[in-house]
């Protein structure tokens, strides 16, 4: 894929604005990490000002802080594209008094993603493959006509995309990517569409030095985020660990089953259904995100298939590194580090995985 | 792209009391594709939710389909079905879903059917299928166990099953009961009481998971191939089409990769508690 | 259709949950066509305790008389729903359990001899069999309405147990503990409120009660270390747990 | 001696009224608060002062906001914390929404059945469906308002010492503001129906009364109090102006003026003090039905409730329509406090008094919470005795006593912060 990217462009913040405007003209809604108040979520972005360009996040296991300052570099918040593509709460249908079924309408506008991170880009591919049959997901997913990625030259302290190969640069599945360097912004394209848009902007040619600096920055970021052995090694070790109950009990001993990791993970997709009925007989069926760390996951009438928390925690980890590859041919963890940052007790997935590998690796 | 989670509205046309807290509902619905034996539908009761229920029998009546579902009352939705659904009641239904019993592939072999309790429901279509295409299969052996005699399903059909040529039928109950002259004990014990040609037998098993595990390992010991033993598994199952994620067993989705699996596919997963 | 006989019974509590029932009626006035309220001293004069289809009981049991009353209600009710944290966990009045009763009384009354009180504060399930526990201080009126309609129709609700954090994330609220270091009991608290406190930028203080489907004494002790780091001492945590999760604490002790 | 008892119904909490007789004639009355004590004064002991508002909110399921606000104000007083203007306005709006809810619930669901001779809310729904629905709409709107501004209908979470935790989004507030216009129509309908009722008694009750004191406005929160005779005093000397008494038959403490006289708090006390500050629209409406005058007896408190609700709805309309989302102030830093932390606020049922003493770690050492209903108990007995003394006793007398009590909208759970429940098993006919 990388060979396809023969051409880079260079520009500044002004050009980013021009790109934003060009993208905005292209679709009816631009979606990305959106600043609202003192938080960053994920949703429609009106203008470049609503993007977290002037914010810096600092992340650590169980800790997240945002600060202002133009020199800062923003990675991501708890909110991933999942918030836009796979709605946290969605109505499925309403059944009227006479049992007529009224299907919930999904909105249908063309959209562009702007500024999303390489890890989140890959997470979309994972979701695409897992949610093949999901109309509500595809009603939004299929409307995404343009993807602009911001590559990470300054990764965060919980990021480990380099270990998985999902970042810090984007290699496929995007139209345009840009990276912020010390002396400007490097743009590249990933599709013909992207190239056409970039060509219309008044960008300068890149020098060899620029390209070299870009590559250095990406390589450095890649190094910084390479904590773990290769995913194949991880899967193998996990496979050997499954029946080591005491190991899984130990690594999950601080877990309180709050499901934050599930909710913030860009590839966790499980949902539950909630049914409501009014005295009039009108009923509603609602679907909502659901975490495998919660007690109900695996519970059935009369018995429970994962009654203990360590079983559910083990499922979370196995799913990412062992089962996802079998299900969709991709590692389910994209190395974004969200589950580490947003875990209120600060359980570090990297540590757990390292332990598995050191104990069960070849 | 259709709206895949939307039920069609059908109507209950007959209710059969099978056993305490178990009833078979005959549901008429237009425009339902013909299921494979072992597939299931998702039934929806307005305002209370959905449940995944095997199709225990199926036929067309004119343009409309009649699907039979044998439901045991255990939790919220099934209780409501038991309380409120009667002949004439509307009910939502979607399906058929899942991978059913592989039957065509094993034509020519002897067929061993092992059922426990409500687990006979998804096996019933196999019996119907074999009785219809009798000459395509070898011997038919049905081993069926329940807690008590009164808990046995489809009692009114046993005559019909027995009439299938070249078939054996063995029954068991868990505890002795007055008037019961068949076997008392686990249904899996019955496996020891049938003669099997391990080279030429396929087994279809459904019941509580422990029972299926015991049955499978016994059959393996008797020399059956692991890829000729089929189990119909159960997990928390909400959507039926592989999008809600709650039915995962290892990398398998019980609803779309199963519910029927060969023992070979799942034995490693089943061996680990709580996977 | 026969109207379902509903009894609203108040024990020791503030009436907040009964007001949530009033809200249910205000939201679905047509409910008054499918139920007949046979007992509700708060808003009607004629009250009986016979043949109850659904009893909604608010409050915890603190007197002998209440204990008898609930037993009576139980024996006459087809379905008994404990509404609110007082009924499901004991409620804030449990904050005085284990203390010298005379001292407790003297804190409020000049003449302790006129006041009788028992040393314990009991959640309903310690006295009778409860069919549904709907916690919350106060109970979530929408959840109550949802359950009530289902129960009146002869059914029940598919139970889901998760923490406040699940709700927090679904509404897209920034975690106050992770992002601002504000102590929050959300991770160990039963969901159901819709993450009200984090939505207003503050930590959860656990008013829906401990999520004991997941949290045991060991995990709670570990979690209290996390809270300690962000400034909530163990004593304050224990106090809040006593106010809102008392009956759970009798099963789960915060390890020393 | 014989006693005739009646369980108090259509009041919040559990209590009874007991009429004592000799030779068939009524000689005394006991308003028994049998609600089991909850011992809040003990429960808040040892707690950090910042946690107190959320705890005392649990005293009352009808007017928890008043408790939260009073506790906050008590600590703001002793720490000399300035609450930013916009945050105070928001808090007062939450308090106002609660008042609307409380008053409308009382007027429509609890008191109206008395005025039109019905026994319950169900009967009201059957025979006055439209009225019931209007009242419900108002209550539901008040709920929405409390949820958006305060977090929920009861035990609001958005009020803290020094201000609020956050400003709700303008978008949500705009929606609230839009709906209010319709609600005002519904309210007018209800108000006209109630004010036009002939059944509101003209019976005169000569009573002392107390209210918080403000100059130039209808008073809800102030550090001053006023008696009907014009005596003003600061909240810090409140306890010098009242006598606390405890009776053997009741779990609630009760209060009298130092002279031994019972006194009234609540709608009538406020109304008679501040009616001139009601908004023009309110006064016009009252005028139309001949009620723009001093109220003479507790039966007329329903008029005051209508007036206060209307006034509050209009104030809320102004607040909501000019609302802007702002950034909240940072929580105040405090170190030491000298003396007790005291405050009074007008809860829907009257003045609510809180006093806390903190220790050096700023944890509660002791407290005293005096609720409006507790202050009204002596008045209730006084009025019943005045009305029934010497009369022959029958179940009608009990009814008379109970309906008098109901006019106070007594909030029994809060008046004890506990209770003994006296429901005879089986049928309770009262």
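Read from first to last, the chains carry the letters A, B, C and D; within each, the first residue is number 1.
Methods note: a contact is a pair of C-beta atoms (placed from the backbone, for glycine too) under 8 Å apart; a residue touches a chain by one contact, two chains touch by 3 or more.
Keep in mind it's a predicted model, so treat the numbers as computed, not measured.
When every chain is reduced to the mean of its C-alpha atoms, the one closest to the centre of the whole protein set is C. By C-beta contact pairs, the most connected chain pair is C-D. With each centre defined as the average position of its C-alpha atoms, the distance from chain C to chain D rounds to 24 Å. Inter-chain centre distance (chain B to chain D, centres taken as mean C-alpha positions): 63 Å. Taking each chain's centre as the average of its CA atoms, chain A and chain C sit 37 Å apart.
Each chain gets one centre point, the mean of its Cα atoms, and the points for chain A and chain D are 51 Å apart. Shared contact sites, meaning residues of chain D that touch two or more other chains, are absent. For chain C, the set of residues touching two or more other chains reads 149-150, 153, 158-159. Chain contacts: chain B has residues 47-49, 75 touching two or more partner chains.
Every pair of chains in contact is given here: A-B, A-C, B-C, C-D. Within the complex formed with chain C, the chain D residues making contact are 7-14, 35-43, 45-48, 51, 54-55, 58-62, 64, 105, 109-110, 119-122, 125-126, 129, 132-133, 135-136, 139-140, 143, 151-155, 157-158, 160, 165-166, 244, 246-248, 250-251, 253, 328, 366, 413-414, 417-423, 425-430.
Residues of chain C that touch chain B in their complex: 149-150, 153-159. Those residues of chain B whose C-beta lies close enough to touch chain C in the complex are 47-49, 75-77, 79-80, 83-84.
For chain A in complex with chain B, the residues that touch the partner chain are 92-93, 95, 99-101, 103, 131-135, 137-138, 242-243, 245, 269-273, 275-277, 281, 283, 285, 287, 290, 292, 296-302, 305-308, 310-311, 314-315, 318-319, 322-324, 326-327. Interface of chain C with chain A (complex): residues 28, 30-31, 33-34, 146, 149-150, 152-153, 158-166, 169-175, 177-179, 181, 184, 186-188, 211, 213-215, 218-219, 222-223, 226.
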